[in-house]
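Down below are the structures I want you to see.
Next come two complexes, and both contain subunit A; in the first it sits with subunit B, in the second with subunit C.
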Partner chain A sequence: MKNWWKVLTVVLLLYVAVAGLLMPVPRLAILNESIRNLYFHVPMWFGMTAILVASVYYSVRYLRTPTPELDIKAHEAARTGILMGCVGLATGSIWARYTWGAWWTNDPKLNGAAVAMLIYGAYLVLRSSFTDEQQRARVSAIYNVFAFAVAMPLFYILPRLTDSLHPGSGGNPAFAKYDLDSDMRLVFYPAVIGWTLLAFWVAQLATRISVLKLKVYEKQLA
Partner chain B sequence: MKSNLHSAAPGLLRRPVLLLLALLLPLLRAAAQAPGAQPEMAEALRQSGKIYVVVAVIAVVLIGLLLFLISLDRKLSRLEKEVADER
Partner chain C sequence: MQKDFRLEWRQRAALNGMLLYVSSTVFVCYLSFSSRGGQLPAPAWNALFWIVLLFSAVNAVAKGFLQESRGRMLYYYTVVRPQAVILAKIAYNALLLVGLALVAFTLYSVVLGNPVQNVPLFVGNVLLGAVGFAGTLTLVAGIAAKATNSSTLMAVLGFPLMVPMLLLLIKVSKNALDGLEFEASRSALLTLVALNLIVGAVSYLLFPFLWRS
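Up next is the complex of A and B:
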């Protein structure tokens, strides 16, 4: 069956929604039940990273052999990644309000993520500023590679070089030490896989619509 | 592909339910255990059983969204076939 991974997405996400709320979690001060956000906030960033890798892959392939399909794939993957990133920023902001006491703090992890999202926002602006399709595809493919190369250090490397409130940055060891001795891994890993697959599903649907549009347009011209 | 989806539908419906049951039945026991002292968790919700209402609501919302995605997927497949056939 060709669509087995979509079935897997549905099963995993339903499991995560139910087990994510009901499974036992470590009892920690300040975090309390909000530790369950781990199943929803963190997979957004995993999914975003995976789909942005796919976007760069298609951009590089476009630069080697330019076809409109590859440009569409790179664009829709990047758009899905930006959506996941925005959801990640929003959910993180809510979580920060009730654990750190502020919607936003000038934390290297948060600011790094925000700047990286702005860099990707510029990708969309850049794309929309061309009228010639081939020029748009080529320049935005090059910019996409640049954006990825700048964004990933902002997300994952620079915050680790300094002190940060955010788990997984500075001296903070993320949740590794908590979910080692608990059932959290049982939900967290399926959550990462499920939300990542959902990102690919959404990107695939968006791509197919754009390709279809292109084909209908070409036929009208012919 | 279309026929695949049709024939697989009843099996697909049953499998997630079984999977969920297998995963959730042990949890009922865990949820029923008495709380210790320590940091405050959503005990009150669990004691009155109302957390399951929230879980059910979230599950319904998610199922609705996923069904929408599936139907969109199938509509797209049909359109793609139509456009390909017209050539």
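Up next is the complex of A and C:
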């Protein structure tokens, strides 16, 4: 079956939605039931990283052999990555409201994620400021690779250098430690796979729409 | 490579303008804070210093690509390899920014006071920052020069990309201000060097593609 991974996505995400909200979770002070956000907030960043890696991959391929399809793939993958990042920020913000008592705190991890979103927002601005399509494709592919190289340290290196309120750094418990018991792993790993696959599915659909638009446009010109 | 560098050096008309820009920015800061009276608190001093540096860096580097005429670009293209061009441009911009940063630091400490307790660490940090800004902004300037509304784009692309660097720089210079010993800021300095290397390597690899268009 060709579309097995789409079936898998649907099954996994249904499972995550049901089991993630109903399965027992460990009782921890302060976190309480909000620990279930682990199944929704954390996989967003996994999915975003995966789809941005795919975007950089297509950008590099575009620079080697320029075809409009590769440019569209890189663009749509980056857009999906931005969407995942925004959802990740939103879920994190809601969680922070009920756990830390504020929508946003001045925390290196949060600020790093927000700035990385700005970097990719600049990618969209850059794309819209070209009129020539080939030049737009080439320059934005270059910027995409550059942005990836600068944005990833923001996520994975800088927050580790400083203390942070965020779970997983500054001595706060994270999913690698005692608080993620085997019950939670049963939901967390499928959640990561499911949301990542969903990101690729969204990117694929968006790519198809863009390719179709391009074809219609070319037909109108002819 | 050396020849490119000299070519860059020859069109240094912007240099005096940049010096004046930095001095007037520092002076405006001084005037706007002098009404309050007394010494600035150290964190504000630090933040203001880096904001002055950030804006002068963006302005200084943007000049390099935007002022270049089409004909001369075409001439370079026939004569030298693109890697040599980007290296020369980064080297030139780095020198320019180091000069600007040192001038800014001197002026700044003259008019606003100098609360830095560990001067060698602070100056080393400023030098690293200037080189890092040059590496990041040179490629961004090249990208922005291709687009239609370059000067807006330069700010939009440049500022977020510089934030990782800026966070580390501000952290280290805060340590230098407080007179902490070198150990406290070693990991941040190492990360800064690594970030500079990454940015430099990526620019070196990507510039040939940008150049071709």
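To be clear about the criterion, the second predicted complex is superposed on the first by the 213 of 222 C-alpha atoms of A that agree within 3 Å, B and C clash if a C-alpha of one lies under 4 Å from a C-alpha of the other, contacts with A are read in each partner's own complex, and residues count from 1 in each chain.
Everything below uses one rule, namely that contacts are C-beta pairs under 8 Å (C-beta built on N, C-alpha and C of every residue); 3 or more make two chains touch, one makes a residue touch a chain.
Quick caveat: nothing in here was measured; it's all calculated off a predicted structure.
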Subunit B and subunit C placed together on subunit A: clash or fit? fit
For apex subunit A with the CA centres of subunit B and subunit C, the angle to the nearest 10 degrees sits at 170
Practice task
Answer with first, second, both or neither: which of subunit B and subunit C does A:V18 touch in the superposed model?
Solution key: first
When the two structures are overlaid on chain A, which partner does A:L126 contact: first (subunit B), second (subunit C), both, or neither? second
By the touch definition at the top of the document, which applies to A:A90: first (subunit B), second (subunit C), both, or neither? neither
Regarding the shared-chain residue A:A102, is it in contact with subunit B (first), subunit C (second), both, or neither? neither
Discussion item. Tell me the contact category for A:L205 with respect to subunit B and subunit C: first, second, both or neither.
Written reply: first
Inset, instruction - Considering only touches as defined above, state whether A:V53 meets subunit B (first), subunit C (second), both or neither. - result: neither
Superposition result for subunit B with subunit C: lowest C-alpha separation, Å, rounded to 32
Intersected contact list for subunit A, partners subunit B and subunit C none
In their shared complex, subunit B is touched by residues of subunit A numbered 1-3, 6-7, 9-11, 13-15, 17-19, 21-24, 27-29, 32-33, 201-202, 205, 208-209, 212, 215-216, 219
Listed in rising order, subunit A residues that touch subunit C in their complex are 63, 108, 111-112, 115-116, 118-119, 121-122, 125-126, 129-131, 134-135, 138-139, 141-143, 145-147, 149-150, 153-154, 157-158, 161-162
Contacts from subunit B onto subunit A in the complex sit at residues 1, 4-5, 8, 12, 15-16, 19-20, 23-24, 27, 30-31, 36, 38-42, 51-52, 54-55, 58-59, 62-63, 66, 69-70, 72-73, 76, 79-80, 83, 86-87
The subunit C residues in contact with subunit A across the complex are 136, 139-140, 143, 146-149, 153, 156-157, 159-161, 163-164, 167-168, 171, 187-188, 191, 195, 198-199, 202-203, 206, 209-210, 212-213
